[in-house]
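The same chain A turns up in both complexes below, where it pairs with chain B and then with chain C.
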Partner chain A sequence: MTQSLLRRWILLLPLVSLVLALPHEALAAPGQPGILASLLKWTPLIFKGFLLNLLASVLSMALGTLFGAFLGLAQISPNRLVAKSAWAVTQFFRNAPWLVLLFYTVLLIPFEIGISGGVIPLPDTAKAILGLALPVMGNVSEIVRGAVQSVPSGQWESAQALAFTRRQTLWMIILPQCLKRMLPPWMNLYAVLTMATPLISIVGVEEAMTMTRAALAAENRSELLVPMYGMLLVWFYLYCAPIAAWTKRLEMRFGVKA
Partner chain B sequence: METVWEWFRWLDKTHGIDLSVFYDTGDRHRFLMGFLTTILLSLTCLMSSLAIGFIGAWAQQSQWRWARLAVGAFIQFFRNTPPLVQLYFFYFAIGGMLPKFADASGMASPLFGSFFWAAVSLSLFGGAFNIEIFRAGIEAVPRATIEAAESLGFSKGQIFRLVAFPLALRFSLRALNNNMVNLVKTTSLAYAIGVPELLYVSAQIWSDQLNTREMMTLLLFSYVGLVGAMVWGMHRLERALRMPGYGQ
Partner chain C sequence: MTWTADQPIVKIFDVHKSFGKTEVLKGVSMDVAAGEVVCIIGPSGSGKSTLLRCINALAVIDQGSVQVEGQEVHDPDLDQLALRRKVGMVFQQYNLFPHKTALQNVMMAPLHVLGEKRGDVEARARELMRKVRLAGKENHYPGELSGGQQQRVAIARSLAMRPDIMLFDEVTAALDPETVKEVLVTIRDLALEGMTCILVTHEMGFAREVADHVYFTDHGVIVEHGPPEILFSQPQDPRTKEFLSHVL
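Take a look at the complex of A and B:
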């Protein structure tokens, strides 16, 4: 298994070398600093933006997981009304495009809210994180529901026979078995979320994509386009590919499919 | 129809709910065109991503090691990088490198427009997932079925086309549906490079009419409706193609 993972990793080497080979001094126009030098010059700025992408992904994931777990549990509630409405909310946030939800939260939530005299400012970054958390919530809800329903019903029945209450059964018997099943799709969702974070540049958050475009605008050199965007692609790849590989390994080990 | 449009005008006048796309002919036309562009872009991407998936899955079975490695690298790259950055990469970096030609007014215009690049980029993105999905489907085809076809004298190509693929398609249909739905949702990214699709025209309308809240809500429900209809259609297809004895 590790052998083939290693092979997958090696697959990326030609790609990295391609991008690294492109910014060769020879390509730079005469009288201009080399492409590699220009890339290095902008790296600190773009990397700071990239860290914001990662921060946004972690916060959105935490927020979305928290809400999604509750929504998922509501989906399996014995109360039909609660279950049905939780299902509808889940489907809504799963079916809406991420970018549209992002626009929705960023444009429609006020820039500050007053609570009992105090004013809480809501910067665009906070609203964007909330906007990304909404589709995460819908997907986590579905992961929780799927995992709970995949536990054999005999588990519920034996717990009932042993006089466990519904809450006890859920928390002490069902959910611990679900964690294993939920982990791979949850990690997969995290990778998808991380790859969605550049979307927040569209609504005005200054992350890696914004910085890259600003750098390109400042340089105004067409030979930098491919290396600059390529560098950003490689950074995301280096962050997301190991997560994907790890997810695959967990799937194999637990014998579950995402 | 006119009464319906008038009702929306009345809604705006009396309740301040400004759904200009219903009573304003120009906005209605814009919104409709945006909707059609989204559908056209979705169909283009769906078709070409299926073709990429088909060709890729076939190339992955090839005897030629480099073809398998190339397909593997392609999948790894497109699955693990952000679709928006891919889109910018194609539109600004690759599109910017191609030669420009003079159009009718003598202005230098790019060889391909934003719709083309959105279609290329999103098809490759969706296609990379489709290859994996088809591959998993092909691997699920029982070995004995292939051997039976071989013993009946089918050629390698015939087995793939007539035996393995129809079975694999059914095995992979559920995952394929998820990916197709995801692809349709991802077409909204084309907004970022100025393709006049649903999100783009909506943004135009709300900046003109200053009815952001109403337009956003309408937009959200339009997408959820579109995707909901697609999910429903895919479920129908899944049931229609179901083989007795496989799955539930």
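Take a look at the complex of A and C:
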């Protein structure tokens, strides 16, 4: 089913972008290259930027998932203080605007850090990835907490009665049951994150959005605006829509709602 | 003071327990001898589950004493895990681990809690599956088994820890009438082998058949207790009479 859906998208979307581009084709001034020709010319550059978006999405997700998993487990700690602090941190990063977090991270972290004599440079891209990882962390933390708490208390109880320690119970009995429940919301989060990666253009990362703007500035032709941004939209759509479809299928299979 | 088998294996004395403002146990005392089968009956909400849970320290008591093999369960220095290795418990809702097969459910605790060798554990687990009459279902997941079958896996899982005492909390209450019997037969076999069993049950016929001693609880106190032939045929307290008139 996913296969046929995917094929339909892949056929549909270039068509959509063509429809977007065609009315503008007529607008190309005499003596200038056609719109499609201009798009093709800039495609390699913009696509390189797009790959950076994808790289940022993968790295932010990995980092955010790692931190978020720890934070989520801290939220269910039997130690009240740990649980409360983890809850507060989670709420803070979940409810802060992504862009503001991004600015903060980029501004607050120095451009290089010295560790035992050596100096490690921190490029803006690395800082931006960290900036996006923070809201991911908050959201993953909630996903973990929610999934663990959705396991019936009888599971904890029977494990306890069998003399499993709390840690064993969590790792051998509770978390394995949660993984399935966590997967759909986690994938959903990844799609949202990917769509948010153009934000990092604002802090100077040369991703697809920055490249598109640069191309448009170089061409200085207003009729290129809609087709070029349209092309970007199509790329993001082609990448994210299958993830959304797959998430939906998993949700149905596991009988959970995101 | 060392415990010897001629002393009560479970000794409960004047136990009080509250949840918030509601006092659920109001001074309960009970002695259980090794090898004895004790049934606790009483209306729902009278504190039967809470009493069982105090025996393996799943619930903490406010006052009084619970001793298992001479050791105070609520001593802060007590190794709770050591206690729970000696006291098995089976619940109304089975609570099997759904991501593990029946055999894995039975093997998990001996492997990871007792740290025994896989070969030994597996042999014992297969033997236990036969004992609860579920040979052939080893590789089924809990979701593929009937309620009665799941409950028997739960019993095997508990027995795999080689406990000295077994607690059963209304283990047939969630089952279809047809499957109740297969679970009761399993428990009766255990009782006949000399396992110390404390069971909360609504199956009066079964209590009468297997119990050495029956306790009737109401509103957090033990109203009356005695051998089944006496408690069931000549109840003294009006509350016991009232309860039995509904369930017999």
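Quick notes on this one:
As a convention for this text, the second predicted complex is superposed on the first by the 235 of 258 C-alpha atoms of A that agree within 3 Å, B and C clash if a C-alpha of one lies under 4 Å from a C-alpha of the other, contacts with A are read in each partner's own complex, and residues count from 1 in each chain.
Note that in this section a residue touches a chain if its C-beta (ideal position, glycine included) is under 8 Å from a C-beta of that chain, and two chains touch if they have at least 3 such contacts.
Every value quoted in this text rests on a predicted model; they were computed, and no experiment measured them.
Applying the stated contact rule after C-alpha superposition, one finds that A:113 touches neither chain B nor chain C. When the two structures are aligned on the shared chain, A:173 is found in touch with chain C, with no touch to chain B. Contacts of A:233 after superposition: chain B is touched, whereas chain C is not reached. Touched residues of chain A, counted separately for chain B and chain C, are more numerous for B. Once the two complexes are laid over each other on the shared chain, residue contacts for A:155 go to chain C alone; chain B is not touched. By the touch criterion stated above, A:164 is placed in contact with chain C alone, chain B being left untouched. Counting contacts as defined above, no chain A residue meets chain B in one complex and chain C in the other. Across the interface of their complex, chain A is touched by residues 69, 72-73, 76-77, 79-86, 88-89, 92-94, 96-97, 181, 185-186, 188-189, 191-192, 199, 203, 212-213, 216, 219-220, 223-224, 227-228, 231 of chain B. Only residues 56, 58, 81-82, 84-85, 87-89, 91, 93, 95-99, 108-109, 112-113, 154, 157-158, 161 of chain C touch chain A when the two sit together in their complex.
Of all the residues in chain A, the ones that touch chain C in their complex are 152, 154-155, 157-165, 168, 172-173, 176-177. Within the complex formed with chain B, the chain A residues making contact are 8, 11-12, 14-15, 91-92, 95-101, 103-104, 107-108, 191, 194-199, 201-202, 209, 213, 216, 222, 225-226, 228-230, 232-233, 236-237, 240-241, 244.
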